[in-house]
C-alpha cells in the first residue's frame, strides 16, 4: 500500500536518510584507507574536510531517524483504519511480519546514531583524533543497519493489504469487532509493577551514587540494568499503565497513548524513557574509551552529565507514567 | 611569557605535495620573534611571504619542521584546533580590509566574538571601547560600505583587537592608504606595541620599513630568509 | 533587539494567528456537535453509507457496483477505463 | 551555557545573512510555502472528509445484503428475508429500494431512496431531520435541499419523474430535509418503498438490498458469516468494511495526488539545491573571512543549518496556516474537482480540518526533510572554503 501520503512520507524519509548515510559511509571508507595525520598532501586536506561532512550527515541522519520512528507509529495508527481487523496501531503493526521488526530497528537505529555522535564528540576533543578509526568503523556498520531498516519498512508497506469491498460473492471477514489482539499475553500485574518500581528505584540510587563517584563497575551495572529496565518499562506500559490512561481495562496498547485523545502523553512518556535509557547506556559505553588517549576528563564530564540527565529523565518518566495509575487507585478504584 | 613568542625551526611548506604541480613555498625557515616586538616581513610577491604569514597566523600547519606560536606547537595539528588557537592568539589586518560589506561597523568588529558565545551586550561593550580608542564610535551603526578608507582601516584594526590576541598580523596594511592615514596607522601600531602586543607587518612601504618603531626587517626570497 | 528575538516575536505573531484559528476550529467543533444528533438520526434512519459529495459516484455513494477500479469512475458519463478514466474530464457536458 | 549562547549568536548571524540576501531568501521561502500550502491543503481536505465520513458512518447499517449475479449486483427477492429468520440475533431486516435518477436537463444524478423508516434504528425520530412537512405517505416524497431547488423549483408542491418507459409518475412534496443534513441528503429523494418500485418499474417482490440491524454489535461478524452461508449468492457487506473502503478510497486518491504534488516538491528541491550551491564570489569571500578570523568549519555548517531551519520553519508555518484558511474558509476550492469528481450537485462544504500532531508531522516530513537534506551538501561545500583564500 504505497499509494498513501503516509507511506510516501515514510519511504521518502528512509530514502533521504539512506542517501545521506551512503555519502557518509563513502567518506568513512576513504578515511579508513587513506587517513594519514602526518601528511600534508591535498588528499589529507580533503579528507579532513570530509570528516566534517560525515559527522554533519550523521547528525541529520539521527534527526531523520527519530522523526521516522515517530511517523512510523503514527502511520500505523492511520493504517489501522484501512486494514481488516486492525483497531489501532498494534493491529496495524502486527498485520504482517515486518511491522514490529521495523519499529525495533528504528529505535535501535536512533540509539546507534546517538552513540556515534557521542563518540564523535569525544574524538574531536583531542588534537590527535584518537578515536578516528573506531569512529569510522562504527559508521560503516551503521549503513547495513539502516539498509535493513529501509528494506523491512518497504516490505511492511508493500504487504499491507487494505480491506476493500470486492465483487466476489461472499465476503472474507476479518477479525471484526472487539479489541484487535493485545501485543502481550497475560502478565501478572502485581509482580510486574513491583519489578518496574523496584528497578526504577535501583536506577535512581545507582545514578545518584554515580553522580558523586564514577565507579567503572557500577557504571557497567547501571547500563545493563537500564537495558533491562527499557524492556520491563515497555511491557509495563503495554500491560499496566496504558489501560489506566485509556480508562479502558481491556485496551492494552503502547501506541494509542501517542494520540491526541490522550493529550499526547505518550510523547512525554517515550520522550523521557528513551533518552534516559540512551544516557544511562552511553554512560556505561563511554567506559570503553581507553584511558591512555588523554580524554579522561572529557569522558568523565560526559558521564556525570549523562548520569544526571538519565536520573532526572527517569524520575520524570516514572512520575508521568504513574500519574493515571495513581490517580485511579486514589480515586476509589480499589481492586479495579 | 617566554622570550620568543614565535619560534620556527626548519619550517617547510609544500603545496600540492607529491604531485606534478608541487610548489615549495617555504624551505627550512628558522625564525624567532620575541614577545612585544614589531617586525616587518619583506619580499616580492611569490616569495613565500604570505605563506610564512599564514604559518605564523595559524592558518595552516607547516608541512615539516616545528612552529611554536604563543606556546603551542602547530605541527600537523587538525584544522579545528588551529582555528581555536588562531581565534585566541592572532588578530588579522588584511590588505583589502576584508570587511563584510552588508554589515555595520559594530557587526564587523564583533564577528570574532560570535563563535565564542559572547552575548550582544558584552559584544557592544567590548567593541565600544575599541571604537572609542580608535575614534570611530560615531560610525558604529553605519554599514561599512558607507565609510571612508581611513575609517575602514580602523574598523579592521578594531576587529583584529576585539579578542585581545597577543599577536597582530598586518598584511600590506598601508597599500591603499595615503600618506597621512599610513602615518596614523603606524601610530596606532606603536600604541599597541606599547600595550604589549607583538606586531608583524608585511610591507614595501618605506614609511613602514624605515619607521623607527620597526625593530627588525626580515627579507624573504624563494621561500628562504634572506639577510638584506 | 537582537535578530533572534525578532524572529521569536515574528513566530509568536504567527502562533497568535494560529491560536485564533484554533479557537475558531474549536468553536466550529461545538457547533457541529449540536448538529451531530440530527445527522446521526438521518444516517441511521435512512441507512446511508456515504456523504452526498460525489453524487454520481457509483462506489462511494452506495456500495452497489463495486470493483477495485470503481473508485475512480465518478460520473455516469465517465470513461470506464482504468486508470485513464480518472484523468479525463467527463465527456458529458453540463449546461 | 557557552554552547547555547553560541548557537544564539549563530542564529543571529544567520538571520542577518538571510536578510542581506533577502531577495534570494524570500524567493525560496515563497516557493517553499507554496509547495507546503498545496500538500497541506490537500492532506487537510482529505482528512476532513474522511473524518466526517467516519463520524457519520458509525451509524450506517450494520449489515447490507446484496444479491450478486454474474459478478454484478442486482435486485434481491424479498423472500430471502424469510430464509434469515433462523438466525438468532437479528433485530430487524429492512428491504430498501435504492437507485439513481439522472436528470437530463441539469446533468445531475439524484439518489432515490425508498424504505420504511420505522424498522430502521432511530427511524422513528427521522421527523427531526425533516425541515417542513412529515415522513412521506403514498405518492409523496421528501427532497434534499439540492434536489428541491432544482426539481421543485423551490415552491412547487407537485412534480413528475419519468419511469423507464417514459411515462410520468407524479409526486406530492411532503417536505424537505433540513439544511444541516445537506452533507448527507443534498441529492436525495426519500419516498415510500412502493413508490420507488413503481418509479424504477421494479417487480413487487423485489428490493435493491436488505439492511440488517443486529441486536448485539459484537456479533455483527458472526451473524454476517451465517448470512453468507445461508445465502451463497449474496454479498454481505458489514459497516466496518464500508468504513475501511471509504478510508482506502480517499487514501488512494490522496496518495495519488500527493505523488503529483511531489513533482512540485521535487522541482522546489532542485531549485533550493541550486540556490544553495550557487555561491557568489561575495559569499565565498565572506566565508573565507569568517574562517580566517576564527570561525570553525562546524560554525559555518551550523550557520547554514540554522538558515535552512529558519527558512523551512517560517515557510512551513505560513504555508500550513494558509492551507488551513483555504480548507476551512474557502472550502478547499482548489481541490474540490480532484477529490469530489465531476458531480453536478455539490452541497456547500463546511470542512473542519483536523489539527493534530500526526498530520503536521506528515507534511513536515514530506517537505522540510527533503529541503534540509538537499541543502546539507551545498552547506558543507561552502563551509570548507579554505581560510587562506582571504589572504590573497
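For reference, chains read A, B, C and D in written order, and residue numbers begin at 1 within each chain.
The working rule: a contact is a pair of C-beta atoms (placed from the backbone, for glycine too) under 8 Å apart; a residue touches a chain by one contact, two chains touch by 3 or more.
Bear in mind the structure is a predicted one, so any value in this text is a computation, not a measurement.
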item: Leader among chain pairs (count of C-beta contacts); value: C-D
item: By mean Cα position, the chain sitting nearest the middle; value: A
item: Chain B and chain C: spacing of chain centres that average the CA atoms, whole Å; value: 66
item: Separation of mean Cα positions, chain B and chain A [Å, integer]; value: 50
item: Separation of mean Cα positions, chain D and chain B [Å, integer]; value: 65
item: CA centroid of chain C to CA centroid of chain D, Å; value: 4
item: Shared-contact residues (touching 2 or more other chains) in chain B; value: 79-80, 120
item: Multi-partner residues of chain D (each touching 2 or more other chains); value: 8, 12, 16, 72, 237, 242, 245, 249, 252, 297-298
item: Multi-partner residues of chain C (at least 2 other chains); value: 2, 63, 66
item: Chain C residues touching chain D - in the complex, by the definition given at the top; value: 2-4, 6-7, 10-11, 14-15, 17-18, 21-22, 24-25, 28-29, 32, 35-57, 59-66, 71, 74-76, 78, 89-90, 92-95
item: In the complex with chain D, residue positions of chain A that touch it; value: 2-10, 12-13, 16, 19-20, 23, 49, 52-53, 56-57, 60, 64, 67-68, 70-71, 74-75, 77-78, 81-84, 162-165, 167-171, 173-178, 260, 264, 267
item: Residue numbers on chain A that touch chain B, as the complex places them; value: 37-42, 48, 124, 127, 129
item: Touching residues (chain side chain B, partner chain D) in the complex; value: 50, 53-54, 57, 59-60, 79-80, 83-84, 86-88, 92, 94, 98, 100-103, 107, 111-120, 159, 163, 171
item: Chain D - residues contacting chain B, complex; value: 1-6, 8-10, 12-13, 16-17, 20, 282, 285-286, 289-299, 387-388, 390-392
